[in-house]
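Each structure below is given as structure tokens.
Each of the next two complexes has chain A plus one other chain: chain B in the first, chain C in the second.
This part shows the complex of A and B:
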């Protein structure tokens, strides 16, 4: 029998909550972390809102040696990893170092660090560029730093497929568990709210230019007009179910049960976008029928054309208003590679608490036949969930999660 | 630009700015002969430290000078030797 990959620990660093408990209380309470950017003066930019992790000071959580060599995204990721390990009750020193790996996703690398060093290069000269720039900007740096700090030397890597990467990393973690690893720390944390990162995001053409935090990010709404970016994400401890049992774990969040990923056809080809297929592959992989799914966490692009594609895919697989759909990322902004892992965390917390968090601020457009959970959280028994994520350029990924109770 | 002698206090300050404070024993008169790696500083930390010493003291250090100076005493001596050479020229 194939080994099962179960989630035993969750670490959250989100604009609306630091730590899983904080995040869940805020999310079920409809509390948003979106506001005017404070990390730089956004006045001269067309988009001025973001979901920032406020009040985070790396010095309070990490050793001095790590500060000069890490971008903000890595500092947040290291703390998220600490939370996840603590939540799982893992002392990495007690487990075989080659039995534990790290697989994270990254959408853009360490932009803020890189911006600082580019400024040093062009304003002062090459001798002022930090030696740490060599790796601090790099996509794989969160994986590397988490691995080094915690002595996790098993199979590791990074997935780079924009927002879909957050699910692709979790799927890779499951693959490694099936190949014999006992424990993989996985997920994603991005943070690029700095002028350089902002300009890169603006170039994508999908940012909301609204200045009202409660009107700026409205997926599936008639007024959808782009998204608000955010920083943060989630990291998960994923273990072989049998290995977790052996080390004395008695309660797990649930299982990574199915996964599917597809790539969209060439734009203008007239062929159907591939999101529906990704959902079907994931359900098939999980051995579950659409009727067994209790909630879908949507990608929620808030670009009308993309919302239409997603609503159509969900309706075709699950039927008209056939499954509750939600997008709590309306309270955090889109977190790049951190978005989908945070949705996975939310899905497991929904299973544990019997509550589906709301999609904040959205009034469902009459165009979509979705059972969108808006305004208030909904009490529901959640045993199986689907999480969707899409990345710029055509990436579609879906995972199926299942409770193990 | 600073001038004169490069001291252990200079090294300690620049090392902290460049690479942060180590959890272990600090660079000090008592650890002059302890290897950097044992003090918690790897090659990249020394590269960054060397680059800051160069900027502050207006000297040029070869990478080999850095890596051939495994202890605080050796690095301080190498920097001071370079300072003497440059002052003489």
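This part shows the complex of A and C:
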């Protein structure tokens, strides 16, 4: 029999809440973390809003020797990992070192650190480039640093598929559990709110230019006109159900039950976008029918043609207004590879609390036949959830989560 | 879906001095090197001024004007290598359900060349803190997210299954293929176009390795600068390139009469959880990865005919992996030829693991073990048979290929001749 991959710990670093509890209170209360950028002066740029993790000081959480060698995204990830391990009650020293691994997603690496060193190179010269540049910015750094900090020596990895990568990482964690690992720390944390990262994101052409935090990121709304980026994400402790039981875990959040991943046909092919297929594959993998799903956490691109594709896929699979849909990322911005793991965390918190958080600020466009949860949280019994994530270029991933109670 | 086995049915390689599988194998089997003084930019300000550069013209390889403008050099490499692999495999993707064919591309450092070049422009030579978006190229976002590499390969091939970039530093090339193997084994996909690419020869990369003295300062003798296991080696030589493979489920590949280059029989990775750039001399975690990969392949240490080493040419690596081979294979390590092709094609970071898989498969195809070039006087602490200078005729049915990288990643893969294990 295949082993089951269950989630036993959640660590959240989000623009609207530091730690899972703060995040959940804020999210159910409709409290947004989006505001005018403070990490640099955004005045000269056409987009000026972001979801920043405010009040975070790495020195409060991490040894001082780690600070100069890490980008902000890694500092946030290390703290998120600490939270997740604490939440799961894991003392890594007590578990077999080769039985524990780390699989994270990254979308763009440590861009802020990279900007600093590129500036040293081009303004002063190569000899001014930091000895840490060789690893502080690269995509593998969060996995490497988390592994080192916690002595986790088992199978590990790093996946990069833009925003879809967060789900791909969680699915890979499940795969490693099935292959025999006891525990995988997985998810994603991204942060690239620096001028260089901002210019790169502006080039993507999907940023909202609104200056009003509550009107800037409006997926499925008639006023949808791009998204607001953010920083942060979530890390999860995913364990083999039997191994978790052996170490005395009595309460788990739920199970990673199904996964599907597809890539859109090349532009101009005339073929149908592949998101629907990803959802169908994930449901099939989970052995659940659409009618058994209690909520869908949408990717929520807030680009009209992408919203249309997603709404159509959801409607085709679940029926017209067939399932509650939500996108609490309207309160955090899109967090790169951190977005989907945060939605996975939210889905498990929804199961635990019986509350579906709202898609803040959005008025559903009449164009979409969705049961979108807007304005207020909705009380509901949530036993199974689908989380969707898409990446620039055509990446589609879906996971199915299920409570184990 | 248990019991599904994965074979390589197509190979594409783009290596310095060896663009295309045929040229690549000529370079290796003749023991020639492709390292030289850097020509891509003026290297004179830098400590290490040597690299293995590919003389690559995207036009010659069929890329169109818009593809060339859009793609970073590393993406171009991946697409060209993937096309060679697809053509080599003879597979018609029209015969495969679109969502059952996927793509994984390994890369350690993504679109470094594009990012370095564009940063210099938007910052006006590093002068502006608030870099100027009006000078950004429209495809800067594709450099920002290296997932664009997987997108490019998927578009080029027309696959609609899982697509991703695997980025685990210098083991990316092994881990990308290992990940693709898992997707076929667990039934997620039937065909994967998998491999790795990197094009890191750019001032920022050269500077960052200078800063930790990881690359060689042997600037007066560029052709012989990459000297793994030699007592005089003093750092690696940066390289670039790509290798991509067509991976298929064994039975369906047999049914369509494909040429089966090799079975990917075992793969494992471990982390040393020690240091982002440092290695413990005992090779413990790499040895563990090797044991796990052999275990998955149901192979004994004595089955290994050839070890394709990481062999980067840094003192700590060469000793670390020599210890790992002894630890995992015991006495058999002393009887087994070990070689590093980085002596010839340099160290292309995330790409090299896949390029080394290609070398391993070609060693089996030809029953020839490629040499370690430039190895004249072995480091006394590296006391295995490193096949110095010239290739060796050697019956090779099982190859172990390994990688080790920043972040502490240690990976191992076991490739076997498919006929040996009739289904």
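One rule holds for everything that comes next: the second predicted complex is superposed on the first by the 405 of 405 C-alpha atoms of A that agree within 3 Å, B and C clash if a C-alpha of one lies under 4 Å from a C-alpha of the other, contacts with A are read in each partner's own complex, and residues count from 1 in each chain.
The criterion applied here is as follows: contacts are C-beta pairs under 8 Å (C-beta built on N, C-alpha and C of every residue); 3 or more make two chains touch, one makes a residue touch a chain.
Worth saying up front: this structure is predicted, and the values here are computed from it rather than measured.
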Chain A as common anchor, with chain B and chain C clashing or fitting: fit
First (chain B), second (chain C), both or neither touched by A:109: second
First (chain B), second (chain C), both or neither touched by A:130: both
Degrees between the directions from chain A toward chain B and toward chain C, using C-alpha centres, nearest 10: 60
Contacts of A:203 with chain B and chain C, given as first, second, both or neither: second
Dominant contact partner of chain A by residue count, chain C or chain B: C
Partner chain in contact with A:32 - chain B first, chain C second, else both or neither: neither
Touching partner for A:175 - first (chain B), second (chain C), both, neither: second
Chain B versus chain C as contact partner of A:69, first or second or both or neither: both
Three-chain overlay, closest Cα atoms of chain B and chain C, distance in Å: 5
Shared chain A surface residues [contacts with chain B and with chain C]: 69, 127, 130-131, 134
Chain C-facing residues of chain A, complex: 40-41, 44-46, 69, 97-98, 101-102, 106-109, 111, 114-115, 117-127, 129-131, 133-135, 138-141, 143-145, 147-148, 150-162, 164-165, 168, 172, 175, 178-179, 192, 195-205, 261-267, 269, 271, 274, 277, 281, 391-395
Of chain C, residues touching chain A in the complex: 45-46, 98-99, 102-103, 107-110, 115-116, 119-120, 122-123, 125-127, 129-133, 136-148, 150-151, 154-155, 158-169, 172, 175, 179, 182, 186, 188, 203-204, 206-212, 214, 268-277, 285, 288, 405-409
Touching residues on chain A, where the partner in the complex is chain B: 63-69, 127-128, 130-132, 134
Chain B to chain A touching residues, read off their complex: 16-23, 40, 44-45, 47-48, 51, 54-55
